[in-house]
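Each of the next two complexes has chain A plus one more chain, namely chain B in the first and chain C in the second.
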Partner chain A sequence: MKLRDVTREAKLLLVGIPVALWTLIPIYHMLLFALSTKDEAFSGRLWPAHPTLSNFALVFEQKNYWLNHFWLQLWNSLLIAVAVGAITLFVATGAAFAISRLKVKGGRLVMNLALFTYFIPAAFLAVPMYKAMGTYGLLNSQWALILAMITLASPYAIWVLKQASDKLPVELDEAARIDGASPLQLFRLVYVPLMTPSLVAVGTYALLLAWNEYLYAFLLLSRDTDITLAVALGHFLSADDSPWELLMTTGFIYALPPAAIYYAFKRYMVTGLTAGAVKS
Partner chain B sequence: MASVSFRGIEKAYGTTKVIHGISFDIQDGEFMVLVGPSGCGKSTLLRMLAGLEEITGGEIAIDTRVVNEVESKDRDIAMVFQSYALYPHMTVRDNMGFSLRLRKAPQSEIDRRVGDAAKILDLDPYLHRFPRELSGGQRQRVAMGRAIVRDPKVFLFDEPLSNLDAKLRVAMRAEIKALHQRLKTTTVYVTHDQIEAMTMADRIVVMHDGVIEQIGAPLELYDHPDNLFVAQFIGSPAMNIVNGTLRRAGPAAYVEAAVGVRWPVGAGAGVDGEAVALGVRPEHLGITVPGGDAVSAEIIVVEPTGAETELVLQVGGEKVLLVTHGRPEVRPGDRIGLALDPARLHLFDRTSGRRLTS
Partner chain C sequence: MTSLALPGGEPAAPRSAARRRMSPWQFWGMMLIAPYVVVFLVFVLYPVLYGLWIARHPESYVKLFDDPVFAGSVVNTLVFLGVAINVKMGLALFLSGFFANTRPWIRWLSVLFILPWAVPSIPTILSFRFMLNPEWGIINSLIFQLTGADGPNWLNERWVALSMAMVVHTWKSLPFWTLILLAGRLAIPGELYEAASVDGASTWQKFKFVTWPSVSGLYLTSLILSTIWSLGDFNSIYLLTGGGPADLTHVLATLGIRYLRLDQVDLSMATIVCALPLVLPLVYFMMKRLSK
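This part shows the complex of A and B:
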């Protein structure tokens, strides 16, 4: 190993170690609570003296006031996340195809408006969104949250997909046109198969955005049987004597699906979201 | 098979006009090459024929049917792109059969036609591969295969060999030509490479700045260029051009270049005192003893290539190239006379660039 390589490695470590600690300590903390009994949770030890899985059992069996609807709320989270991922993908793919490949009029305007939406923080839009959903009579319906999350996720999804589409050579479309493909056939037989990595990445992005959402879910849904697990976790804190070990256990369980999804689609996430950013 | 005709074709992007009224006909079964420097409009013309560009003015007809408003897919044409434009996610077999699949042809017919095309192009062993697993030449052949499978009225080629290395280009050139001789399908081929044009074409259309400079068979363009542009564009190495003034002395004429250098041009064409450009191809110059009427030249560089020798000469103020077969005994610094055959000289009007005819 040359000296230059050593210093390079050292610099990377210097950045990498703090980032790793920053990420891992809260997770470690969460796991520590999840494995401790209520009495032991605040003992200040680095590892519980008597690690136990009893908390997990309590959560799975819904044996706590706050966890009465654990399975239903987990299902709500999943349903909403998958719906948001799928519908966002449908909307964004259609928009990107129309703007980038079919060159529809006004495409540039749509792209600029999409970008513009990010000048306003999503939190500012929460109350107007609440009013809008009220107007449409969607409050307390899971559609309200699904629609709101699609609204938040689509602009970014359209941008990423448009950039990725622009990278597909235009000759492919022309060849397909001469071969006799209609726009829909072009979309189905050429465009979508070639965009798969970006589509997986964008779909995952929207899905995780909805899975992790708290504010909008909190505002738009209120019945215990409608809310997502993220909101239910928040409810833990409304008591004076919160069962921290159960909160952390549920949180830990809640964090597992995103980690699994990310791990499964890791390959697509990196190439898909950076597609178009650099010349490959 | 079909004929193609362009009638007063114009193309404008906004207010910028890039093609200024082009008319010519392509015969049934002809191999027509459109050649010209980049930006001359040759690709645009081809893309208008393909239906990929709007036609601003004029008419394009395939056989007798005007196709201005006809969709690409209904024009019965097939196109080979410079970048091949193979579908990356489909195997060679699927790439070649794609157009038939879209037309809902029965699977047995798709298999048969793809099989036939693969046989013609020696692609049999590669049918199950993806484009990324093929070499440049193989991809090029798949692109041609995709065109053949459709059995179109007209083949369109848009600079199909530009992405290949020099050696492969020569090989593919011969393959495309052989393919045309076998299938006899009307072909329109766009290139910027005049050698490709010369070697492949039945007839060549030389284009420049959106107009046609000359149409003709390859050797016709070579032997009788209509104007200075064609004279300099066709032929490699390029034709020598010497600027001077035409002088008539009795029955003979000569071109007086800058500092009293006189190029005898036989009877010549044009009038006394006219500003002309004299064109002479390097291989039409010969070496003779200096003195007398012969144009005197000094050898600057000697470049033997084996079969031929190229001499860079200084004649008056101008550099002139001479190509001769064999290996003359000359060295840089030597003085020689130039042997000229007046029948092989070309005289052009210097202002209009047109060929002068007597």
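This part shows the complex of A and C:
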């Protein structure tokens, strides 16, 4: 019995250790570069002999050609992500409430159109979206990126909220109607408080989607003072002698907020977002 | 919708009439759904119709099929989907079984394991890119230290570079699919496994007769969804290889953007239209599944 437990534990470790290495190596490599000087980073060492925070100082003081607008670009990323999160939440909550609770006419059709949008690969929608933004005169405006990301984030947001909202008992609405509540009172006093966990999950989802987006940001924005940090990271590649240690430092700073938000809201994210997907 | 379709001649009278006929619940339903309907019409329907209009000329397709990069990209896309998706989903199925074990250290590992999915893809893909650098990268340094020989030029040969893009793609999306399949496994009642143990079933038999019948539907849904999303995976290729060397590692998603950047919008849209026969049946399948 004892021996069987030991072999079982050993078998688990045989899977667990490669999984840990596979997961951490690219992230460790990023951190290694962030803590090394350029010469050390390029020497192929596995750990920094003289770890230093000088790269972070260089980034924060914007002391490199590629980093001239670091703080502004960080602010752009934040502003766009928050705007997308807030507006998507507004659009999706209204739509989900109308479809699921108010049973609005045509709600089913709208839900299906939203799902259809969700399943079209974003890279394929990018080209027509780029052309349309040109027609609307929005190219090179941050509104173009905000509106595009709302378009991409809303369908899944509506779907998750509709799934969660269908689970609320109908008696709630009936009781509210009998008490003479208006639809808006039902929405504000009953629906939103009960839906809070799903709303947090959906808002976070939209916010992270916008913060992480590269392709749309890179197509729709071009001025150095307008672009997000994601696009700025991509720009590093256009030089032959890119300062990779600074690139990895900036990348590390850029990756921290989403990772922190993910872990902070893990409870909401996992239950809120996978609940829909698991139902098959 | 009816309120939008009213004739504009005498706005006041018909609207209040409509309002009187419509319950406040329907009225507010329309008001609340309207923002999304506007978003859909302006940023999905119009762009798609405009895009199809741009792609209407048969000459665009002749030009596209004459471009050797297009044929190569189609092959790359099919290889990418055929290999990367199946390897990834197979691994996810296997690892979901691993993470279903309840041990404190496995719970900690699962927290770490989600990192690739939780962090943005740009910095991590760029980290891979430098690791694979033939002169300065850490992988070839290790190969040199261990064997004394120079390592391969990872990103400079079509199939090696494409394989590396698949590795990056798998690294990024494996945690998500593992979580989904894990949730599917955890939904299986424990009594089924206990009964199987009493009957003396082996691990393989438990998988074959208990786990697989319960998760096969979820697995298929995940496989289809993952195929659709991977078709649109622009980052793994573009940020790792840039489509190079010599445009040999493009997939349809990066090719469409390449034409757009070269100001050949007609070719760009034609590329996307050529991907539709693959995308639309999968989308139809997913819609059928989810709207049940």
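Just so we're on the same page, the second predicted complex is superposed on the first by the 249 of 280 C-alpha atoms of A that agree within 3 Å, B and C clash if a C-alpha of one lies under 4 Å from a C-alpha of the other, contacts with A are read in each partner's own complex, and residues count from 1 in each chain.
Keep this in mind: contacts are C-beta pairs under 8 Å (C-beta built on N, C-alpha and C of every residue); 3 or more make two chains touch, one makes a residue touch a chain.
Note that the coordinates shown come from a computational prediction; the quantities given were computed from them, not determined experimentally.
Considered on the superposed chain A, chain B and chain C are sterically compatible, since they fit side by side. In the superposition on chain A, contact is made by A:Ala259 with chain C only, not with chain B. In the superposed three-chain arrangement, the CA centre of chain A forms the vertex of an angle with the CA centres of chain B and chain C, and that angle is 90 degrees when rounded to a multiple of 10. By the document's definition of touching, of the two partners only chain B reaches A:Pro193; chain C does not. A simple residue count on chain A separates chain B from chain C, and the partner touching more is C.
Residue contacts after overlaying the shared chain place A:Leu172 against chain B, while chain C stays out of touching range.
When the two complexes are overlaid on their common chain A, residue A:Gly234 makes contact with chain C while staying clear of chain B.
By the touch criterion stated above, A:Gly44 is placed in contact with chain C alone, chain B being left untouched. When both complexes are overlaid on chain A, the residue A:Gly180 reaches chain B alone and has no touch with chain C. Measuring only between alpha carbons, the smallest separation of chain B from chain C in this overlay is 10 Å.
Chain C contributes residues 1-2, 24-26, 28-33, 35-37, 39-40, 42-44, 46-48, 50-51, 54, 95, 98, 101, 103, 105-106, 109, 111-116, 118-124, 126-128, 130-131, 136-138, 140-142, 144-145, 171, 175, 179-180, 183-184, 187, 217-218, 221, 225, 228-229, 231-235, 238-239, 242, 253-254, 256-257, 260, 265, 268-269, 272, 275, 279, 282-283, 286-287, 289-291 to its touches with chain A in the complex. The residues of chain A lying in touch with chain C in their complex are 12, 15-16, 19-20, 22-27, 29-30, 33, 42-44, 46, 90-92, 94-95, 97-99, 102-107, 110-117, 119-132, 135-136, 147-148, 150-151, 154, 158-159, 182-184, 187, 211-212, 214-215, 219, 230, 233-234, 236-237, 244, 247-248, 250-252, 254-255, 258-259, 262-263, 270, 274, 277-278, 280.
On chain B, the positions that touch chain A within their shared complex are 50-52, 71-73, 77-79, 81-83, 85, 87-89, 98-99, 102-103, 146, 150. Those residues of chain A that touch chain B in the shared complex are 169, 171-172, 174-181, 185, 189-190, 193-194.
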